[in-house]
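To keep things simple, chains are lettered A, B, C, D, E and F as they appear, and every chain counts its residues starting from 1.
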Amino acid sequence: MTNNKILAKMRNNQPARGVWLGIPSVHSVRLLARLPLDFMIIDMEHSPTSLENMVNMVAAVTSSGGPQAVVRLSQASSENIKSALDAGAAGIIAPMINTREEAARVVSWAKLPPIGSRSFGSSYAGLTWGQTPAENARISNDQVMAAIQVENKAALDNLDDIFSTPGLDMVLVGPLDLSLSLGIDFFAGQPSAILDEAMEAILAAGRKHNVPVGIYCPSAEIARQRIQQGFLFVNVAMDTTTLIEGVKQALQVSETSIREE
Amino acid sequence: MTNNKILAKMRNNQPARGVWLGIPSVHSVRLLARLPLDFMIIDMEHSPTSLENMVNMVAAVTSSGGPQAVVRLSQASSENIKSALDAGAAGIIAPMINTREEAARVVSWAKLPPIGSRSFGSSYAGLTWGQTPAENARISNDQVMAAIQVENKAALDNLDDIFSTPGLDMVLVGPLDLSLSLGIDFFAGQPSAILDEAMEAILAAGRKHNVPVGIYCPSAEIARQRIQQGFLFVNVAMDTTTLIEGVKQALQVSETSIREE
Amino acid sequence: MTNNKILAKMRNNQPARGVWLGIPSVHSVRLLARLPLDFMIIDMEHSPTSLENMVNMVAAVTSSGGPQAVVRLSQASSENIKSALDAGAAGIIAPMINTREEAARVVSWAKLPPIGSRSFGSSYAGLTWGQTPAENARISNDQVMAAIQVENKAALDNLDDIFSTPGLDMVLVGPLDLSLSLGIDFFAGQPSAILDEAMEAILAAGRKHNVPVGIYCPSAEIARQRIQQGFLFVNVAMDTTTLIEGVKQALQVSETSIREE
Amino acid sequence: MTNNKILAKMRNNQPARGVWLGIPSVHSVRLLARLPLDFMIIDMEHSPTSLENMVNMVAAVTSSGGPQAVVRLSQASSENIKSALDAGAAGIIAPMINTREEAARVVSWAKLPPIGSRSFGSSYAGLTWGQTPAENARISNDQVMAAIQVENKAALDNLDDIFSTPGLDMVLVGPLDLSLSLGIDFFAGQPSAILDEAMEAILAAGRKHNVPVGIYCPSAEIARQRIQQGFLFVNVAMDTTTLIEGVKQALQVSETSIREE
Amino acid sequence: MTNNKILAKMRNNQPARGVWLGIPSVHSVRLLARLPLDFMIIDMEHSPTSLENMVNMVAAVTSSGGPQAVVRLSQASSENIKSALDAGAAGIIAPMINTREEAARVVSWAKLPPIGSRSFGSSYAGLTWGQTPAENARISNDQVMAAIQVENKAALDNLDDIFSTPGLDMVLVGPLDLSLSLGIDFFAGQPSAILDEAMEAILAAGRKHNVPVGIYCPSAEIARQRIQQGFLFVNVAMDTTTLIEGVKQALQVSETSIREE
Amino acid sequence: MTNNKILAKMRNNQPARGVWLGIPSVHSVRLLARLPLDFMIIDMEHSPTSLENMVNMVAAVTSSGGPQAVVRLSQASSENIKSALDAGAAGIIAPMINTREEAARVVSWAKLPPIGSRSFGSSYAGLTWGQTPAENARISNDQVMAAIQVENKAALDNLDDIFSTPGLDMVLVGPLDLSLSLGIDFFAGQPSAILDEAMEAILAAGRKHNVPVGIYCPSAEIARQRIQQGFLFVNVAMDTTTLIEGVKQALQVSETSIREE
């Protein structure tokens, strides 16, 4: 891309808002990419999104001219990062990073030399940005977002180490996995002082090291709160729950008519 | 299936409610099939639903034990009806039927001899119903819904002929195509006496010939109204619009937070 | 192909034996294509075989150098015949042909001018035969098998008309659909004088008009009997039933061990 | 689309130049869509292009902002035209049209009422044009190209009837099928007075009835000649032959080095 | 799942019997899932089973209400285990585990905190079990089978270490790879004292540490023997060989008829 | 395969010439596999080639009887090598190998015991070679090419260590990544003494340790030069650039005609 809107917004201290995609379909992506979103997260970790799905979904997002495509990897690895960036993604998010060493490896795989060790070679990466491969290579290190997830108590002891990793563009909190590792029942939806404390520590590390912090949000209302709390990268919706809740609501709206009869 | 719930409900003068599927994904179908829906319409006419999509979507719906799968054909033809019923669909809807001859052909393709001329031979049709091919063949004519769409002014002159077609299980109104053919701007959303009259005529034909009438509904509120009006087969939601509207709403909900800052 | 082995065998009054494919998988096809079969039938009528499946399955069969690929169409149509022959199939079988007019249309769609009206233009049809498009065009009318199914009582009155259709290469009996149309319970597996008579009439028409007759066989034992009866194109197995019966048998063989304990 | 560049060029008597796609791949399409082409023809007749391929290929072409997508149908039918236009194609080409009745049916299936009988209803058709469904419906009849192929001697007697079909936007000559039907060996590449005469007659009919005429071209050199001859819609290349010829040439260029050793 | 039948049987010292799937097809799976099998192994190591295949195959198995789905991983890794369990698999089998460290890592990836480090987050995992994500999370550690393969002589020295890995639910012997690593020609089918001794050692380790032992079986007869020998998880058939052997047999049965003539 | 032509040629000091595949399509592969190429490289690192694509592409190449299939891995790993060899590939190329340890691991994963630790078990690997699994296992270590890429300055210090790795069959230079890591602007196309020196060092290491050296070539002219320079494994073309350049040229050729008017 010629301009990573997500990075631009976050650097301006403005929240980047997007949608989390759990349905591996280029068709739902095409519909949503017309909305005023900053990003769309193509989830390869907890959704059955194949390489082929991902590549086509990234192209659908980026060619819309609207939101930018971010790929949440199934696991931090060189090959997973290569395929996402070769597809033209504006950024990657590596899950479950607990140490600086792991964080540094993610950055290295996501950045070309001399910063990192990313291999270059796709005929496709620059297409949706209207770039030749040469142009794409030149601009990549500036514009590709290398992000990681902090979502395990093992990472909480290493926050300074992790956040000071050179080249790290964003840290995303995974509240469900973090809760699980802290022994908190995420699904109960109860406030938890332990979880709140952990989040504050993460946000503080972000402020200290000037690294924007984002978070997965299970609802728009929670997204609203997270933005106010200082998170700069939030999904305001997830496609799967939006669909389920929307149809549930439609069943209620339309059911009243039966009672009226 | 051992029992077509859609037909059972309609015969009891109870509305069958479902969801219209414009996203050709087995994954969104699996999520929605857990909701208390009577049917899910797999649309092959105006959605890019391939044979492979349809077959997997029908299996996903039927194996949920909840709603039943109805396939809206891309066009009335023997091969299209065969593939839907061989996949285990509980019914088919043939679009744009304007004459009794066309209606009769649809019924014939959907029913085995001696009623119709459907060819039998799938190893898969009965699987989700727990039936052997022999059992499936025996039960099919009773349980498969053969439906057509009335959605063109050309059909309005033939309502008696069409509705009296033997074996016809349901007539679905297509309000958008019907509006277009009547010179009405459907998208304007204005009341239209001409359209209302046409719909009343169709409902009347249904009552006269004891054939349930359904209708495509663009929203849950309209579905509520249509049920009260006497339509017995309505979609309370469509996946595509549910998704778009849900994310739009999430953008609004979460945006207030920014203003508050 | 440079030499249609199926036609050659049948012209020599030798039975061509093959396997009927109900599993749309290029992988099972690749495994079976190494067996000494004369043909493999890719079924698009009663199996969920997409265009993409068919094309890859035809290539897998023909490139094995062993059996030849025959496509059973989902319905007789110009486009269905074109796609099968463009994929390199050695023949097509059109289901449910009841009149000479229908049979003649199938032949016309399957043969290039001056015999028929088939359109030419694939870059792929000749590949597995090692032919350029020009070579493929030259040889096609001689080597492509144009076959139809007789499987409805409506056809029994027209046997002479149907069998004398110029260019017709084979007639395949569909015993299940024929039984259904004759009011016979095919699944009961009982002998039926009416069915036997119909088959004899079809075989006689074949002998009279010098057109080979084939038949779908539900088991190897029945295939054996049909060959003795004079049928020249028989499937000795179907992949779906072979798989089911084989695993059932394995459950029995291995279960004895538990009883022994 | 807001503006059909193909129609605009042809109405200006300027040749529209494109590429013919025989490889059903969204990836090769994405690469080529960055070239200064007027159109890309997605061939569903003689290439193994599935519905899913076509839909993704059309989106890839149109979202490039460059060439426009034209779908050559596997056969003229309502469902084939619907799926192409619902995918957002700028036009369709129906093969093997021999009579005015057939031509009129194609136009009717491609145009919404009151001109034709096309059914409307896709959530996707307008996406790549940035249109809502309502906007897309309003603009379609003006902007969608309804074209047919004249490629059989049966059509040569009906040229006046065919070319005067109201709403017909372009006639494409299929020189290979036309040659076959005229008994000419197309692959020999010899000049043919009979073929030349047929083409002149077709061009003359186009001039008389003010309908642009296009033609399939097997090479860029022939495309050059056809443009000079007055054809207004020509493919300057076909992907399959471009690839084969390019690799052949590379083998020659690189082989000299071995001889030098 | 609410109840892992495989674990239940093995804990009762009853053999769990299943089928090994080498054909990556949801269709063959659907057919076989109606048989009284305890499990179906979806092989991602030595079969071309893509993520998409696996997800659909797991859903097809589990939604049948019969056998349970076990995924044999292409390699032990966090991402491979996540995708299998997110799809709803009842268990995973990691190939080629030679040390306790490797075994412990597999268990950790397969179990949620506090036992392991598995990440949670799928919208789909609980669907076929009728569970909400919360219910699925709660039940997973009890019900998901974490299994490994011992199939290399490098593992034979570490049997005590491996078998005493906490949380290990089953050890599957891979006789082909074990033979290769021991220098035995598995394909010769000769008895081997060395191999027998290795197997006895593995079975003994299982008894000592109360971990059930399974084994890949190339035939039903061998499965019978293995069950008697004390193996508690055996495949009684493999789809690929069942198909090949079944068609070979059909060729023999039907060939006699030709000789008789 | 019964005879690895690539290895045979290189051992004879003859250059093996092939084509690099960046379009993940079985169809373009089928077309090109008829040309006199020694190999076709299925690229999984920088092209969106899924497992399913790769498996079908390998089968298409090998079943052509012409070139042999080589898979460039997305990353060196046991699972990636297994899937390529199980598909029947004649060789694998692991990218970005910088140390002897990494090289040795690649060889180990690609060779069966006693040489390496590759796991055996595919029903498909030997099919296109006409081999039973037993035959395929016996011949694999002799015939499968285990190759690596040297493409980073980190590797330049370890050339002797890397090239002396036992069982290493070929080393492929990646000039783009090598340039990037050396701080050279590859896309500028300027001669670079540093790059030339690095290549000479690699060629020298190859001669010293008797390991053939190959190189990625961006054009046929460069391939010619590389062969003269002593590289024994070169791609004379890449499908993506061949296609783009070919269509660009066609636009030029055909455009002259417009000017002439």
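Here is the rule we use: a contact is a pair of C-beta atoms (placed from the backbone, for glycine too) under 8 Å apart; a residue touches a chain by one contact, two chains touch by 3 or more.
Just so it is clear, the structure is predicted and the values come from calculations on it, not from any experiment.
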{"item": "Steps needed, at minimum, to go from chain A to chain E via contacts", "value": "1"}
{"item": "Same-residue or different-residue interface between chain A and chain F, half as cut-off", "value": "different"}
{"item": "Pair of chains joined by more contacts [C-beta pairs], C-E or C-D", "value": "C-E"}
{"item": "For chain B paired with chain E, centre-to-centre distance based on mean C-alpha positions, whole Å", "value": "41"}
{"item": "Length of the line joining the C-alpha centres of chain B and chain C, rounded to whole Å", "value": "34"}
{"item": "Residues of chain B touching at least two other chains", "value": "22, 27, 31, 47-48, 50-52, 77, 123-124, 240"}
{"item": "Chain-to-chain touches, reported pairwise for every pair that qualifies", "value": "A-B, A-D, A-E, A-F, B-C, B-D, B-E, C-D, C-E, C-F, D-F, E-F"}
{"item": "Chain E partner contacts - residues on chain C that touch it in the complex", "value": "14-15, 17, 19, 22-25, 27-28, 31-32, 35-37, 47-48, 219-221, 223-225, 227-228, 234, 236-237, 239-240, 242-251, 253-258, 260-261"}
{"item": "Partner chain A, residues of chain E touching it in the complex", "value": "50-52, 55, 77-79, 82-83, 86-87, 112-114, 117, 119-124, 133-134, 137"}
{"item": "Interfacial residue positions of chain A with respect to chain D in the complex", "value": "26-27, 30-31, 34, 56, 59-60, 63-64, 123-124, 127, 130"}
{"item": "Complex contact set, residues of chain F against chain A", "value": "22, 45-48, 50-53, 74-75, 77, 80, 95-96, 151-152, 174, 176-177, 180-181, 183, 187, 240-241"}
